[in-house]
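To keep things clear, I will list the structure first and then write my remarks on it.
Order of writing sets the labels: A, B, C and D. Residues in every chain begin at 1.
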Amino acid sequence: MEKLSSAGIAWRAAQDIPDGAYVNLGIGFPEMVARFQPEGQHVTYHSENGILGMGPAPQEGEEDWDVINAGKKAVTLLPGASIFHHADSFAMVRGGHIDLAVLGAYEVAETGDLANWRIGSRGVPAVGGAMDMVTGARRVAVVTDHVTKTGAPKLVERCSNPLTGVGCVARVYTSLAVVDVADGRFVLREKLAAVSMEALQAVTGAKLHVERDLRELRVPEGL
Amino acid sequence: MDKSIDSVEAAVADIEDGAVVMIAGFGGSGIPVELLHALVARFRATGHPTGLTVVNNNAGTGAVGIAAMLDAGMIAKVICSFPRSSQPQAFQRRYEAGEVELELVPQGTLAERIRAGGAGIPAFYTATGVGTELAAGKPVETFDGRDYLRERWLKADVALVKGALGDRHGNLTYRLAARNFAPIMAMAATTTIAQVTRLVEPGEIEPEQVVTPGIFVQGVVEVPEPAQEEALIRSGEVA
Amino acid sequence: MEKLSSAGIAWRAAQDIPDGAYVNLGIGFPEMVARFQPEGQHVTYHSENGILGMGPAPQEGEEDWDVINAGKKAVTLLPGASIFHHADSFAMVRGGHIDLAVLGAYEVAETGDLANWRIGSRGVPAVGGAMDMVTGARRVAVVTDHVTKTGAPKLVERCSNPLTGVGCVARVYTSLAVVDVADGRFVLREKLAAVSMEALQAVTGAKLHVERDLRELRVPEGL
Amino acid sequence: MDKSIDSVEAAVADIEDGAVVMIAGFGGSGIPVELLHALVARFRATGHPTGLTVVNNNAGTGAVGIAAMLDAGMIAKVICSFPRSSQPQAFQRRYEAGEVELELVPQGTLAERIRAGGAGIPAFYTATGVGTELAAGKPVETFDGRDYLRERWLKADVALVKGALGDRHGNLTYRLAARNFAPIMAMAATTTIAQVTRLVEPGEIEPEQVVTPGIFVQGVVEVPEPAQEEALIRSGEVA
């Protein structure tokens, strides 16, 4: 089945970020969203460890390991950046000051529940700031492949893995579609033209509802 | 993203009737005098905004700042810790006439309730006030053998604060102990308007020197030679 | 009856402040305690409005009205001073970081209850930081005349005025005596030599207990 | 009042068996490497302190810092949000062998519990974790129609932090985002020891620039060229 690359998903998610927004990007794949910020828009990136106004990674060899993001990667500070302590950083999150959090997911339920921190009860559990982010940010979006590596649906009726948060996800950007969570249902907003409705539903673990405004999911060539 | 506003008049133009307005300052230090006087002027010209709830540590001195707002009759309620001052008449008159409601809150509880409002903490426990008349109606819980009161967060529609430097992204510094309530009020309000002595470009305030990050500030207006309320009152030149 | 001046009371209270202590002085008379800090001792004064390391009042005409104490009087900053916001200031108080608070009183009960913010229910009530201070500081001391202006005892069995705090006072420095609160009793530690035990008890509204170590209350001449 | 201490060895000499030790840092940034290594050296030489509870966002990387403490076997419990790293073996081994207990706390709740410990707030409410397995055993309360968990303060016997400047009164600044947990841990511990790159005289740090006021710091030791944990690990020169 045709599908978007990670870059394609990240690009699509980036297009919805409003000018002037304060945004937190989850560790790993979600960080890629920052690369596709539309020209002329000003977005301020927050990092849990006490940075607002994070810029891109520095050149190799130029890293300052006291300027890192939540994933412990070296970043830079843009003009207008600020530094603060961890309680203030999460006051921003918990207090509803972050406009948007973009996270990865193991599963998203049609109720908006998110599971993204632990598969079953295996291994060393590690939660980080995800639970704070999904309850604190004004809007939570997910970027993810539409299915797992083994082909299992990630959009499901109920999560089978431990929850990160209940009813917290507003929109999911997948490799095949853009799906909103609305009133306990998945509402399909966009899908790749090459993927039929039946094929999409077949790889989705819960009913996809379609309203009048279904659009084609398109990203720039080469992504 | 340029949060600068051209005038104090424009800065206070959207404050609505019945709004909860946090006003930074302790005594005269940190009071955003020009913003308050623009608000009074707007009220005198238009009758709005009225019925305001004002949150400040005090309740005004003399005839300026919060006292001017009280005298104008635009305040319905004051939430504060210490509604007394060297010249407390403006509040006293209204209070004794039953024209303004008072919610008296211990100073540290006031600060923590504001901080909780900004930090998304709907309630917390404090030993302050246990066994006193200010504990009335508040749930009591025992932790590790000691009694504590449960206190609720305090949020506002608007915070008016006075900064020293402010950049176009809303990052602020404050002058000495004029800092007091401003950083937490900026966190607790939906809309925070800062008057600053100098409006600068992003990057002119070092990231480590920013006291209030711009995420908490929605508007910045430059007031190059701001009145200091205490000095203003002592000078006798009352607005 | 012979009695100490305010300066004498403040001097006596100052002698008990340990080297290195962080101290908050209440508005008004308690502020005088700072004048009598023993030579060679380092005490750091806290002000509710966000100052540690307050120094004495500046010369007249040199006031900076953004450097004031809790009583809104102009003060100065000593080397090593710091400025912080109000929530941090009361975190210091509530978190038990202030070693000593010295306050005034309308009444102190033998239970350690303090009434110092309001007489009955008259006038505009104003509490300020007193309730936070008496529950937060590690030790609370009171400086006061031994009786009210009308001669009524200030040391009483139970306070008749609205309480500031319950069981919070450790020691009272009065114009006649130094009295500890211990296990719900007043224990007399020092008294003026010129005042008899009977005379002292007569102006005290609760039983003064005496233990072995009763000493003479003495202050330098001229205070 | 001179809080300076002559050596990292002296700075960690009084930490007792079973102590709760907050260690500042996020990943490798802000980890007080020299203090931790002095603590490991003391343990290797004397067998003490042992049975420590360590509070940090993470649980060590490679073989330095907290990982070195884990390898040495002096940690009984870790309270953290993210016990994984690029080289998580030290913790993983001990955890899987049942030799170290783990209390997993969401990062923002961890920060707020520490801040509450420092601020004298025995408990507070947060929406974080509601409906998840990390809510187990925590009281739930509804405010304004939303559910919140009640969380308790977190305090420590000792906090070990890494500052940039530190004066003899204990006032501290931090280098960039190495600030992270240090200011709140300094508040929450009975004894806070700071290693600083430069020990200065009181007054050399401007009052407005002080990030951690000296009231929260009991000891300051100068470590002029401190290792940065991440850089140390990447260099391959492991202590």
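FYI, contacts are C-beta pairs under 8 Å (C-beta built on N, C-alpha and C of every residue); 3 or more make two chains touch, one makes a residue touch a chain.
Computed from a predicted model, the values in this text were never measured in an experiment.
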Message: Following contacts chain by chain, what is the lowest number of steps it takes to reach chain D starting at chain B?
response: 1
- prompt: Quick one: chain C and chain D, Cα centre-to-centre, how many Å?
  reply: 36
- request: Go ahead and note the Å separation of the Cα centroids belonging to chain A and chain C.
  value: 56
- prompt: In angstrom, rounded to a whole number, how far apart do the mean CA points of chain B and chain C lie?
  reply: 30
- request: Return the residues of chain A touching two or more other chains; collapse runs of consecutive numbers into ranges.
  value: 51, 77, 83-84, 87, 90, 93-94, 136
Message: Multi-chain contacts only, two chains or more: what residues does chain B have there?
response: 112, 115, 119-121, 126-127, 176, 179, 207-208
Message: If I apply the definition of touch given earlier, which pairs of chains qualify?
response: A-B, A-D, B-C, B-D, C-D
- line: So, in the complex, the side of chain B touching chain A is made of residues 1, 115, 117-121, 167-169, 171, 187, 201-203, 205, 207-208, 210, 213-216
- prompt: Which of the residues in chain A end up touching chain D in this complex?
  reply: 47-51, 64-68, 72, 77, 83-87, 89-90, 93-94, 113, 124-133, 135-136, 162-166
Message: Under the stated contact criterion, what part of chain D meets chain B in this complex?
response: 112, 116, 119-127, 141, 143-144, 146, 148, 152, 173-174, 176, 179, 207-209
- request: Would you mind writing out the residues of chain B in touch with chain C in their complex?
  value: 26-30, 57, 81-86, 88, 91-92, 95-96, 102, 104-109, 111-112, 114-115, 126-134, 175-184, 211, 228-231
Message: List the residues on chain C that touch chain D in their complex, please.
response: 19-20, 22, 42, 44, 46, 51-53, 77-84, 87-88, 90-98, 136
